Structures are given as C-alpha cells and as structure tokens.
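Both complexes below contain subunit A, partnered by subunit B and then by subunit C.
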Partner chain A sequence: MQAEVSDVTRRIPGRDGAPPPPLAGEVKTARGQISRMLGAASLLTLALAAAPAHAFIAYVSNEKSNTVTVIDTDSWTVTKTIKVGQRPRGIDFTRDGKFVMVAVGDDDTIQVIDAKTQSVVDSLPSGPDPELFAQDAAGKILYVANENDNTVTVIDLEKRSRLGDIQVGVEPEGMTISPDGKTLINTSETTNMAHFIDTSSRQIVANVLVDARPRFAEFKHDASEVWVSSEIGGTVSVIDPKKHEVIGKVTFEIPGLRKEAIQPVGIGMTKDDKTAFVALGPANRIAVVDVASRKVTKYLLVGQRVWHMAFTPDEKYLLTTNGVSNDVSVIDVAAQKVIKTIQVGELPWGITIAP
Partner chain B sequence: MSSITTRDASRGFSFAEYMTCLTGIVWREGLRFLHQRERFVSALVRPLVWLFIFAAGFRQVLGISIIPPYETYILYEVYIAPGLMAMIQLFNGMQSSLSMVYDREMGNMRTLLVSPLPRGFLLFCKLLAGTAVSLLQVYAFLLIAWFWDITPPSSGYLTVLPALILSGLMLGSLGMLISSGIKQLENFAGVMNFVIFPMFFASSALYPLWRVQEGSPYLYYLCEANPFTHAVELIRFALYGQINWISLAVVASCTIVFMIGAIWAYDPSRGLARRGPAGGEG
Partner chain C sequence: MIRWLAGLIGFALAATSALAAEPALIGVGYLGVTGARSTLSLVDQPAENDGVAGARLAIEDNNTTGKFLGQRFTLEERRIKEGEDPVQAATALAEKNGFIITDLPADALLKVSDALRDRGTLLFNAGAIDERLREADCRGNVIHTAPTRAMLADALGQYLVWKKWSRWLLVVGSHDEDKLFADALRRTATRFGAKIVQEKTFEDKGGARRTDSGVTLIQRQMPVFTQGAPAYDVLVAADESEVFGAYLPYRTWDPRPVAGSAGLVPRSWDASQDQWGAIQMQNRFMKLNSRRMTALDMQAWTAARMIGEATSRTNSGDVKKVTDFIKGPDFSVAAFKGTRLTLRDWNLQLRQPILLVDGRMVVSVSPQEGFLHQVSELDTLGYDRPESKCKLK
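Moving on to the complex of A and B:
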C-alpha cells in the first residue's frame, strides 16, 4: 500500500520524460514522504476503525432440521450449517472455546463439534434424551439433564466418561451451577420443582416448589439469587439459594396479549446483574427486567416462540432463538432494541457464542 | 411591485425578483398556518388518533413477516408511521389546494396572479410553501411518535427529508390540479370522499401489500398503481436510510405530470380555470 502510493508520486514529476531538476527532486521526496505518512496514517485509521468490530461466532441448534447453524456476528450472516444427530437442543461451548457440545436428544448422546473444523468429532455418554446441560467453572465436569429418565448424568469432560447419575424429578430440564461450583440446580418440568444438588456429594439438598413447568434456571453472577422460569405458570421465581425459598416473583403483562401466550423460558442476565432478559415463548417477546426491582421495563418484539438466548462475550448483543419463525433475533443490549433477524434452520432451540 | 409590473417583461426577471416572490408566498403560507392553530392541531391529531387508537387494536396483526426495509419484526405502529407521515402530507396537499379555492372565492388570488412573474413559477412557489408546512407537521408527528417508541435510526430523520419534499410536492401538485376544477369551497367534501379516502385506504399505508394480495389480487394491483402507495414506500425506505427506486421513479414522474397538469389547468387562456365567456381569452 505504502509502496504503491510513493510509486505514484514518484512517477508524476517524470511524466515529461526529462530528468527532474534537483529542486523538484527534493520536492518529490518530501511529497513522497508526506504521502507515505498519509498512507501509513490511513492504514492506522483503518486498523483502529476495524478493531472494535470484534466478530464472534454463534452456534444455533435447530431441533427439527437436525443441524447446527453457524452465524458470524460481524456480518450477521450464516456461514455454515453443520449436520448433527437427531433433535439437537441444549448447546454450549467448552470453557476453552475449542469445542461445541450439543445434546442430540433422539440419539441419546451429546455430540462434540470442533470449533476449528466445524464438524462433529466426538460424542459424550449422556442418559436417554439429553436436553440441557451445565458445566462447572473449570470446565471439567458436565451435568446433563436427561428428559426421559428423570436423571442428571455427571460426565468427566477430560476423560469423556460417565461418572454417575443423580435421581431428580420428572422431566428434568433447566440446569445451572452456582458461581462457586458447589451447588447445581436442576428444574423438573412436571414435578414443578427446582432441585438444589450438592456437587460434591451429588445429593439433592433441597427442593423448592415453583410455578408450573419450570424450564430454565439462572444464577445471578454474585450468587445471591437464582431465577427460575415457569412456562405454564407464566412467572419467573426468584429463589434465595441459601435459604432455599422463593423470595419474589417476576410477572409479565403485555397489552393485547392473552395471559396464556406469555410463557417464560430462557433467561439471560448481564454481568453486572442489573438487567435480566426473559424469553416469553409464544408472546414473541423478550422482557427486559430490572433485576433489583424485579419489574419489567420493556418488551422487545422478536420472532415467534422465542426460547433461548446468548450474549456476545462483550455483552453488546443478545441473540435469541425463535423456534416457530425459524430465525435468530439480534438485540442491541445497550439500546434495548432489536436490530436484526436472521433466518436459520428449522425450529431453532439453543444458542451459544464462542468465548 | 408597480415598478416590476410596468417594466418590459420580455427582459425577464432577476434571480432576486424570483426569490422575493418565493419568500413572499412561503411567508404568507407560513403565517396562515401559524394563525390557524386548529389546523396544526388537527394535522397532528389525525395521525395520532390512528397511531394511538387504530394501531393499538391492530398491534398483533403484523409481526409475522419481515418486509424490507425492516430487518426484523416490527409492531404495527412502527409499520404505519410512514403511512401516517404521508397521510399528513396528503391532507396538507389537499388543504392548501382548498386554500386556493378559498383564495379565489375571496379574491386574494387576484393579488397573487397580478404578479408579472410566470404563472408556473407562482404555482411552484405555492407548492413549495405547502410542502414546507407539511414538513413542519411531519416532524412534529415524528417527535411525538418517538415517545411512542417509534424510533427509526437517528440518521433516518435526515435521509427522510428529500423523500418528504418530493412526496409533498407530488401530493401538493395533485391537490392543485384538483383544486383547479373546484369552483366552490363546498365541493371540497367531494374531494375527501373521492380522492383522499380512496388514495389513503388503497395503499400500503395501513397494511403491507402482500397482505392485500392475499385478500384480493385486484385490490393489490389498484394499490400498486396508486401513487400514494409509492409516496408511502419512498418515505418508509428513506426513514431507514434506503432508497426504493421504483417508488422514487413513480413519485418523481407523478410530480412532474401533476405539476404540468396544474400549471396547464391554471393557465387562464386554456385550463380548467377558465370561467364562462368573460373569464376566457383575457
């Protein structure tokens, strides 16, 4: 680039064919330097301008088309579609960012996708019909909710072997681990409970009754509260993880929508624990909740039947999976605005973004 | 004024003289608008009634398909906002043409028409004045809409301006063309029934055309042929920093046709403005 610029300037004085006079030569060199500097400056500006636009890669599991869609968060385009097993749902990156794990329920396993080659390279031994899973902070142990046999399977991620099972309620789904890694929370959809499991003894230490059909659990980053969404109950229960009791509830109301259409599922909480986003399923909206007051401040219209979501690591964007309209909506977190919707595979379910 | 009228018209007029005429007409229209506060209020209330009441009932109608220029699902009030902006301009265009009828009845128009400047230029100034007034109304509406969570990208407020000027000119010149045929103020009700309502309802202002097509293909073709549809789409795209070329072409050519038509119609020797034998060839 720089060479080209100075080449051009060098050629200009010699256009008439005559050798340039010494003075002109000096001018030329000065000009060359200036243009070189300008060239370097513009390159620098370009580099600086390009720097903040950090591209992340999002992986979306499509429950019906048995694929995982790869989205580039810079251009907001689908870059690849990976064929996986039957009925992919829960999806998450390994802590080192090298692999993507996806629970393929109808194949009774968890498949491992290499993030580099973007192809399935291995599988993990879960129980029958794995749906959602959580891993400890170190990324060594994986806890898998097996929807069909009322158990949570414990897997050693390094050895990729099964360590054991924990009996929980009927239709386990939501999974989350406390920031200190000591408590695992599993929600069972039919028992309507959040089970508090001690990760060292792998025993249930408490059961907390919540509203009907709990689908998802999320810890606050400061570990002071656990939020559990109830799909049929239409609420999010706020649980004190020490006392094991419900200390509050988030309720939703959207003018012009039937109460039954409001079915909370996925929850995303910002790192500062100030704002929570709750996916409201067939209400086609994401509720923005002020965590402190537990009040909804805004509803954002996304695609149909929105269930799960994931933040980009810089927390600039939140991506949601809209099952019925087969797309992913992008929310500008700071502006609290939906900026784009991208078509993916059929019945998108889960989403994870490379750390 | 008299110095202008007495001198040799064949010499032509200077740019400054044209500008004097333009500012005079725009100023008068602005004053008229400011003095008619009810007109400003009603110009705002009309679209706001649609936005707050009509759109509230139809909120759930959309949100099932993404149509350009939108990149995601939108609420109904976001959809109809450009249509309501165009509606403001439609009413304003018809209202300023109504004012021409009024001016003619009251004799004010004579003052305007004795000006030696070309008739076409006078009419064009009148159009510009009407468009300027409609811009004030539209931006006031956008300000209120912003509080109603209709928040297009901030650059959109600027990019929509050329679209608004062009659509304002088109609707204004259409109004002028129509007004040339109206002899009495009372006939304006007919304009409402036969021009404003059909133009507004048979357009993409209230519902996307793919929806209309599902209901009736014939109505769809009618909507497609309606210049008002293209004014709405031009505004809609411009509000999101995009250009709808087809709409731009339609609106631009309609503006030219209507304007030529209006100038022709207001020519005392030819047009529709000719009244009886006395007003004829003078």
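Moving on to the complex of A and C:
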C-alpha cells in the first residue's frame, strides 16, 4: 500500500518544482499555434456551411481497452482511438471545450486529453481510484469521487492542485452540482446515501438514504429535484434538494424480464426538464420517463449493459455506452428511436460530447 | 392515517435528535472455533482471523454510514475450543450483543440457537453449509449467509452441463461431510441431466499432509487410482476434509479436468473476484487485514452488512425491529455479486450467485444462462420452496 501512496504523490504535477501548465487560461499557446487554429477554424466554418446539421465530437471511455474512442456525430464513425491510463471511466469536457478529462482509476489519476491534438497532455492530482467527477459552472473547481478511501477530492483546475478532501460514505460514486453551484451531491454505493455538500464550506449539510447502490445523480435544470439512480435497488429516487427528502420514486417494469436485471445507472434530462432517460444496465434498455408524472412512457432497446449517456448540444441525439456489447447506441431524441449503433472499444463506460 | 403520520413525524424527529445526542450503540458478536483445519495446499491454509476479518470490515463500513445516522457498531469476538460447550460463550456474547455471527459446526449452532431463542438474539450462520440447518433442523432465529452444499453443487453442475461435460466420475472421501457433498452432487446430476458414470471412494488412511517427498508419491498414486474408469468428461471430487482433492488435477490417468473440491471449485466468494465493484471491497479488506479475502470472510461481511443495512433502513438499533425488517419482504442487500441478495422466507437462507473459481481466477458465475425460475433464478441453486422440509419456529 505504501508504494501506491508514493506513486500517487509522484503523479501530482507541480510537486516536482516545475510550475503546472494552466488549463483554463491557455496563456502559453504559441502564436503559430493560434494562427494554425484560426486556419482550422475557417476550414471548419466552410465545412459547416456545407453540412446540413452540426457535427459534434463524442469521446467514449473504454474501461477494459484502456482507450478513449472519438466519434464524429455527422458521419457516426470512429475517427480516432486514444490510448489512456488503466481503467478509464468518468469522462467530461472542460467548460471551455478545450480539454477532455478522463478518470483512470487504476492509475489513481485523471488524465487530460487535448481536444485539438486528441492526445493525453497532462494529469490531475485526484485521490486514489477516481471514478466520477463534477466541475463547477466556471470550470475552475473539480470534485472527484474516490472509491477507495471514502472521500471526495477537491481540485483547483487552474493551479492543478488539491484543495482538500471531504469525508463521505463507503464507495463514493455519483457526482453532480446544483445549477447555482452551491450544492454538490455525492452518492456512496455501500452507504446507500446521497450526501448534500455545501460547496463553500465543503461540509456535508444533509444525508438522504436511497435504495441500494446509488450510482448516479442528476439535477433538474430548474434545480427543483435531484434524481438518484440505485443500481441494486432498481429505482430512481427523486429528492427535494431543499427539504433533503425523497419525494418520489421512479420504478421500472419490463415484461419478461426479471426484476434483478433492471439496474438503473446513468440519467439524462432534456433541457426543458420534461423527459428523462434512464440507463437500465443489464436490462439492455433506456427508459424514457415523463419527469412530471415520474412514469416510464417507453423502453428503448439498446446494447448490452448500458451504463451512461450524453446528449448532443442541440439535443437532437442521445448517445449511450453499452458495456457488454462494446458499442454506442444513437437515439433520436424527438422520435425516441434508436437509429444507429457504433462499435467502440471494450467495455465502453462513460461518454462526453464537445460543447 | 393522521395517527400514522404523527407517528412518522415523531419518529423522524427522534431520529434527528439522535444525531446530536449520543449515537445508538449496536453490538454485534462473533462466535467461532479456535484452531484452523489443515489443508492440502499451504496456500489454502486459513488465517487465524478467517471470517471475523470480514465482519470487522463490515463493521467499519457500517460505522462510516452510521456516523451520518447516529449509529455506532461494535464487534465482540469469542472463540471456543472444539468440543467445548458453545452455549456459555454464546450467552456471554448475548449480554451486550443483539446480533451474533457464528462460524460453528451444525450441532453447536443448534444448541446456541435453542439456548438464545427466548432472548430474541438474532444469529447469522456464516460458516455451516449443512443442508439440515435449512431443512428439518431450521430455526426461526438463524439467518444463513453461508451457501448450502446443494447450492454449491448446483452452481457447479449448471456450469458442467452448460459446458456439455455431462459424464462425471465421482470420487468421494470417507468422512461424513465428504459423503454429504457427494449426496448434493448426485442430486445435482439428477436435476440437471448429468450422468455419474462411476463412483470411487478415497479412503482416508490418516497420512500426513506435509511431507518432504510427497509429490513423487502422489504422482504415482493418483494415475493408478483413476485408471480404468468408464469414459467420462470430468472428474468431480467430494473432499471437504482435504485428504486427496488437490492431488487430482494433472494426475488423472485420462487427461480430464477436475471439479468439486479441487480444480474448478464453487464458492460464495474468492480473492480474485473483482466484478461488480468488488475491487473496492477487496482493496478495503486488504488494507485492513493485510491478506486476501476468503469465502468465510465474505459470508461474515455479508452478515454484518445485513445488520447495518437493516439498522439504516429502519433508523433503529432495536433488535426486534431490525430482525423483523430483515425477515420482511422489503429487505435486500448489495454484496458485490451483480444482483441484490434476498432471503428465502421459508428457511431464512440468503439467495446468492455462486462463483466458480480455479484458485487464480473466477471462471464463471452461476446460475448459468438458461436455467430459469418463476420467482428468482437464484432459486435454481439448492432446495426450492416446494421441496423444503423447513417449518420455521
């Protein structure tokens, strides 16, 4: 265990004396690089003018392959496969859209991929075994769930330094921040709670018991509700974030499928807060939920063991990662139909799309 | 309705004030036997704290959760010598602990269960795999987190049949528990359509397990012992007593795989299990105990976690309330096996997937695909409700 600890210390950039390159500021970009970028930008404009719709770039973490797959949402093809560290899972763009952060749990760090060069350029000082993380609205502070030591690590993204740790329940996992940035929600899988953390004091203000193995938390855009999925409990708890109470539950029932096979994980909510999509793991389906009534209106058959999902910024499409079938399903959001399947690496887990 | 609501609010208030006040103490006892049995492989030799180490980790996990709920868990351990009366130790444990996790032989567990029945202590059998504890000798105050021989045999049998290795050469040891495991394997063969082509008994003549030139001799003995068998696909060994099982792989007359007590072994848990988030628990266990986690550790962990799960759901440390909840229809526990674990309400046996392991890796997890059941596929393992002889008292 000692060796592991020193390993983590070594990986923290900036500790060896060299100043860490800033992430958000991007002051160090060379002049030549900027003009090259501008050139690329005008090319892109031309391409966009010709194309019927916006093309977006999706990044998918493949837990078993130790790679990140890059998908072009115009052609729906894989354009690149990036080698990353061990066991990549949680993945997200920085707010400025310049970098992709990917938690590589078995290497005890979060790697940073430059979205331009599509290669790993740096790593962040997360705690041991980072899995999922959330960033504040400004993109300056990152909160990381560290499964191995029951903490949430707070990282300053600009300085790339560790600001502190928050003690939470056993096996912290799901992370989300309230739209006003004041509350961080963390779920702990063995403690079975959603912890409400005040982001300014970094103290837990409330703990809400939910069903077994809570994995993912998602705020409604109007901040009136937090939805927490319970993988083993088989439900999604709807929590009032002011009263810190479970005010309702979404349940799932699929004819011909055992209750045990329904294991909710990822949640995606449309910007108008009308429709939620819930990934049901080994049930191989995405449930379409009417947010107001909390009732399932439709089940969409996707790949096997569906984990997480991401909308394209125009919300036309929803992409889901299907762990066991090693593919990504593309859902037409308006039509509520699966229109495409894209083969990616082994055990695709997380997904993020360029803003 | 109003009264019910008022009660609920009162309860919620009490729970909130409990946060500020002293935490509720929840005592868990652990009763085991001293002295580890001897195994053929030095690698399999159990640690002194086999079992209780798992309970200790679960108590830590419960306390992490408990600090948010105003609950504090303690663990008190007692060991008896083989043949010693377990009732005295159990009664002493029951003084401060409403829950006791046991790793005791069947008869000792029954004595303890009967002695503590009127006290309301809830027992968790983490060690004994005997069928009769869940059948004719079942008890209303004993929850079983250990799987049964029939569950283990069925888990193995489903895989062998799925592999189409359906002709078995059954080799049985001469001790009682070996014979019980052989009974379970025969039942499995009948249920799933495998054929036992021949049975052989391996007599325990009392040889030493540690010798200086053992390998040479075993290499000569085992081929001869397995020579002349009718055509078979897999050798299935029933050797819970650790007399010959581990000597069989690679040494059979015909080149055939070995399963059962050696080779491919059915277990509730294994040090190599890392699926369904298990790696986190394996890491926590290693950090706490400086060794890998065994099936017995897991069975004790699950028992202590069941207690923690019920105390957090009921927001109470009251033994009666917690016991009722665990036995009730809404109880389930997550134990890193890819599905929620629930109790069979007819005999208080924990339903659970069984791992098939080769000592280095998890080869498969049963129930296998295609073994269907109208209630839970986990009930394709072991005795099902209609077959049960248990009448809970």
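Basically, the second predicted complex is superposed on the first by the 303 of 355 C-alpha atoms of A that agree within 3 Å, B and C clash if a C-alpha of one lies under 4 Å from a C-alpha of the other, contacts with A are read in each partner's own complex, and residues count from 1 in each chain.
Criterion: a contact is a pair of C-beta atoms (placed from the backbone, for glycine too) under 8 Å apart; a residue touches a chain by one contact, two chains touch by 3 or more.
Since this is a predicted model, take the numbers as computed values, not measurements.
A.B. asks: Once both complexes are superposed via subunit A, do subunit B and subunit C end up clashing or fitting?
C.D. replies: Once subunit A is superposed (C-alpha atoms), there is room for both subunit B and subunit C without a clash.
A.B. asks: What is the contact status of A:G169 with respect to subunit B (first) and subunit C (second): first, second, both, or neither?
C.D. replies: second
A.B. asks: After lining up the shared chain so the two structures overlap, which partner does A:I247 touch, if you call subunit B first and subunit C second: first, second, both or neither?
C.D. replies: Touch status of A:I247: no partner.
A.B. asks: So in the superposed three-chain picture, is A:N150 touching just subunit B, just subunit C, both, or none of them (first/second/both/neither)?
C.D. replies: second
A.B. asks: Check the residue A:Q304 against both partner chains and state whether it touches subunit B (first), subunit C (second), both, or neither.
C.D. replies: In the superposition, A:Q304 touches subunit B alone.
A.B. asks: Who does A:V121 touch here: subunit B (first), subunit C (second), both, or neither?
C.D. replies: In the superposed model, A:V121 contacts neither subunit B nor subunit C.
A.B. asks: Looking at subunit A, does subunit C or subunit B touch more of its residues?
C.D. replies: C
A.B. asks: Looking at the overlay, does A:A138 come into contact with subunit B only (first), subunit C only (second), both, or neither?
C.D. replies: Neither partner.
A.B. asks: Nearest approach of subunit B to subunit C by C-alpha atoms in the superposition, in Å, rounded to an integer.
C.D. replies: For subunit B and subunit C in the superposition, the minimum C-alpha gap reads 11 Å.
A.B. asks: Looking at the complex, which residues from subunit B come into contact with subunit A?
C.D. replies: Where subunit B meets subunit A, its residues are 56, 59-60, 63-64, 66, 71-75, 151.
A.B. asks: In the complex of these two chains, what residues of subunit A are touching subunit C?
C.D. replies: Residues 1, 129, 147-148, 150, 169-171, 188-193, 195, 204, 207, 209, 212-213, 232-234, 258, 260, 282 of subunit A touch subunit C in their complex.
A.B. asks: Which part of subunit A faces subunit B closely enough to touch in the complex?
C.D. replies: Residues 255-257, 284, 301-304, 325, 329-330, 337-341.
A.B. asks: Can you list the residues on subunit C that touch subunit A in the complex?
C.D. replies: Listed in rising order, the residues are 61, 64-65, 68-69, 277, 280-281, 283-284, 286-287, 305, 309, 312-313, 332-334, 338-340, 376-377.
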